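Listed below are the structures to be examined.
One chain, chain A, appears in both complexes that follow, with chain B as partner in the first and chain C in the second.
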Partner chain A sequence: MWSFYFNELMRSLPFFLKGLWMTVAVAGLSLIAATIIGFILGIVRASKNKILRSIIGAWVDLIRGTPFLVQVFIVFFILPSAGIELEAFPAAVIALSNMGASFICEIVASGILAVPQGQREAATASGLSSFQQLRFIVLPQAMRSIIPPLVGQYVLIIKDSSVVSAIGVVDVTRVGWLTVQRIPEGLMVFGLVGILYFAICYPLINLSNYMERRMTVTATRL
Partner chain B sequence: MISFKNVNKWFGELHVLKDINLEVTHGEVVVVCGPSGSGKSTLIRCINRLEPIQKGELVIDNMNVHDKKINMTKIRAEIGFIFQSFNLYPHMTALENVTIAPIRVRKIPKEEAKKLGREILTRVGLGERIKSYPAQLSGGQQQRVAIARGLCMRPKIMLFDEPTSALDPEMINEVLDVMRDLAKGGMTMMVVTHEMGFAREVANRVVFMDDGKIIEVAPPKDFFINPQTDRGKFFLSSILKH
Partner chain C sequence: MLEAFNFRVILEYMPLYLQCFLATLWLSALSLIGAILVGIIACAMRLSQSKAISRTAGVYIESIRSTPLLVQLYFFYFGLPSLGVMLPEWVTGVFALTLNSGAYYAEIIRAGIQGIAFGQIEAGIASGLNYFQRMRYIILPQALGMTIRPMLGQAIVLVKDSSLLSLISIMELTRAGQLLTSDRFMPTEGFLTTAAFYLILYYLLKTFSSWSEKRLIFMEAH
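Let's look at the complex of A and B:
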């Protein structure tokens, strides 16, 4: 019986790959949007403007303190009552981007604040503007401490994207749920789902580990 | 050139600069000395508004530095500042460190800035190290790059905040030599330092500070041989013991 189900599962592989492609699409778009938004918010969060820092801080705490599933439901089910109707795919990307941006914001802000104050003073004393200081002096140095956790955050976004199957996005997790209804071997089906997630996350995990080691060695040499 | 008029500064409740009145003329070398916490570093940091003041006026070439409407970029471009901890940009080579401000602030074309950078790095004895990163340089070399970084902006004034305090003794002279050359070349300089030999040799005046106030201002010859105040005498007796 087991070999029968295994063969059925292998015949369903194209369906899983289509689901995987949806996962890559949702996670990929969210990753890009979260990075852009997260960087902008992170730069503002590390600035001297107390009001903006507090507003962003409150938003970050709210997003990081609530379950992602709840956030997805709010975007998909609650927003229509405010007149904002969204299909499942855009709702998924918006919710995942929003969550990813909140974490990336903190990673970026921490990286910027970790650059020694003396660097900013030297740049200020030379007459460089705030924008020039950020672009030429602070951000290049901050990237050293931003990139490893940022890549790690990308892995988390990919894994968290599995939650969007709850609002009907046919990603690889949802394909798993649909398949297990006709191939009642949960371990086999979700084992395959796990392997497919691992296949896209593992290169990023390795990249994050490599970058962390490399940044540590470079920092030690300095 | 630099004029302090009743300058007062507080850090919160702490009154760190008290009724500072001081004039520094063009081409003058002024050494500022005093015990720790006397306000020496704060004094020079106020000149290019790295620290704001709360009362009084600080005027450079008829421009009130602490007026909120003033263009600080223009003023800072005329003032080189050398930090105790060098503050070189670690991700840039020596040449890049010294040329970034001329290119981005003075808008000098890149090739012209690089030529200037090479000349000035050679002048401070680092012509062979233009492609080195700060981590590859000794402390003395890093401080000389920092001085070159200031000089590449062709400033009118150079400020030094304890430039040799973070250096090993064998590297101090190489930095002081560069500073001596600058002084001989007519640069207007204010130097916070404990290097009394340098002060004796190069300074036009010594400003002695204690507890946020200027206690004594005198030519080095007069200050070191015959300090007028008890606090000045006590300070000199404690440092000259070493």
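Let's look at the complex of A and C:
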């Protein structure tokens, strides 16, 4: 029986690869959007504008304080009642980018604030504009403490993308859920799903650890 | 969208919400206790001299951290029955949450223990303290001070992750929102109330986290 199910599962492998492609599409698009929005919000959050800072802070708290599944449901079910009809796919990307952006915002802000104040003062004294300061002095130094947790955050976004299967996005988790109705071997089906996620996330986790070690070494050398 | 917000329905469903709030608390607390125990054991195994034991713990930790919780949850939910193990849904849910957070706790505890300089332990031995005295007065106070914040952070993640249990039809906060959506077609009222309850838990844990940090630094200064 087991080998029969195994052969069945191997025959539906193309279906799994399609699901994996959907996972990569949802997570990839959200990654890009979250990075861009997160950096902009993070730079504002580390700036001197108190009002903008506390608005972003409150938003980040709201996102951090609620489960991602609830956020997905809010985007998918509640935005339509405000007149914005969304398919499952864009709803998933919006929810995931919003969640990712608010976490990346905190990473970027704390990276910027970790750059010693004297660097900025020296830049001001050299006559650089505030954009030039950010571009040439602050961000390049902040990147050292931003990049390792940023890669870790990417892993979280990829893993959290499994949750959007709940609103019917046919990603690899949803494919597993659909397959297990037909092939009742949960360990085998979700073992395969797990291996597919592992293949993406494990190298990224190691990359993050490697960069963290490398970047702290450079920091102590300086 | 908000002008049609129906507070009467929320009041009507309030007993259900409170019941589900308690269920979320209860499920999270059980998983939290389990996860810390699993984390301590896995961390002890990871730091073991024996390569085989250390590798086993490493495989457990890495495979949990590289796959989404939802996939792990489905793995046990659909997989255990095919092994002939029939458990109530909530037991499967708590089991998956415990194993998931356990891997993260193992890493947090390991970082705490490895963060203590070996010279501290040597100094303890040189001062004639026995093993328990060293643990009680030197290692644990420092390890606790260093790990309390990430530990509470992981507890916040665990409470939010418990929302995924709604997908295997366990009654908890997110499920209450789903019920309000399916029974009354009121997703706005349903999920915003759910989110509000999670935010209460989030702010409680967050406040506790910053309080404990101040308190521990205070203790250390003395």
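Throughout what follows, the second predicted complex is superposed on the first by the 222 of 222 C-alpha atoms of A that agree within 3 Å, B and C clash if a C-alpha of one lies under 4 Å from a C-alpha of the other, contacts with A are read in each partner's own complex, and residues count from 1 in each chain.
Please note the rule applied: a contact is a pair of C-beta atoms (placed from the backbone, for glycine too) under 8 Å apart; a residue touches a chain by one contact, two chains touch by 3 or more.
Owing to the predicted nature of the structure, the values given are computational and were not obtained by experimental measurement.
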Next on the checklist: What does the overlay on chain A give for chain B and chain C, a clash or a fit?
Outcome noted: fit
Checklist entry - When the two structures are overlaid on chain A, which partner does A:Gly118 contact: first (chain B), second (chain C), both, or neither? => result first
Item to check | chain B versus chain C as contact partner of A:Gly186, first or second or both or neither | outcome: second
Checklist entry - Touching A:Leu128, do we find chain B (first), chain C (second), both, or neither? => result first
Item to check | Partner chain(s) touched by A:Met1 [first = chain B, second = chain C, both, neither] | outcome: neither
Checklist entry - Between the C-alpha centres of chain B and chain C, what angle is opened at the C-alpha centre of chain A, expressed to the nearest 10°? => result 100
Item to check | Touched partner set for A:Gln141, first chain B, second chain C, both or neither | outcome: first
Next on the checklist: If you tally the residues of chain A touched by each partner, is the higher count for chain B or for chain C?
Outcome noted: C
Next on the checklist: Please give the nearest C-alpha separation between chain B and chain C in the three-chain superposition, to the whole Å.
Outcome noted: 25
Checklist entry - For chain A, which residues belong to both interfaces, chain B and chain C? => result none
Next on the checklist: Help me check something: in the complex, which residues belonging to chain A touch chain B?
Outcome noted: 116, 118-119, 121-129, 132, 136-137, 140-141, 221-222
Checklist entry - Tell me, which parts of chain B touch chain A in their complex? => result 48, 50, 72-74, 76-77, 79-81, 83, 85, 87-91, 100-101, 104-105, 134-135, 149, 153
Checklist entry - Any idea which chain C residues touch chain A in the complex? => result 1, 4, 62-63, 65-72, 74-83, 156, 160-164, 166-167, 174, 177-178, 181, 187-188, 191-192, 194-195, 198-199, 201-203, 206
Checklist outcome for this item: As the complex stands, chain A meets chain C at residues 61-62, 64-70, 73-74, 77-78, 81-83, 155, 159-163, 165-166, 173, 176-177, 180, 184-187, 189-191, 193-194, 197-198, 201-202, 205
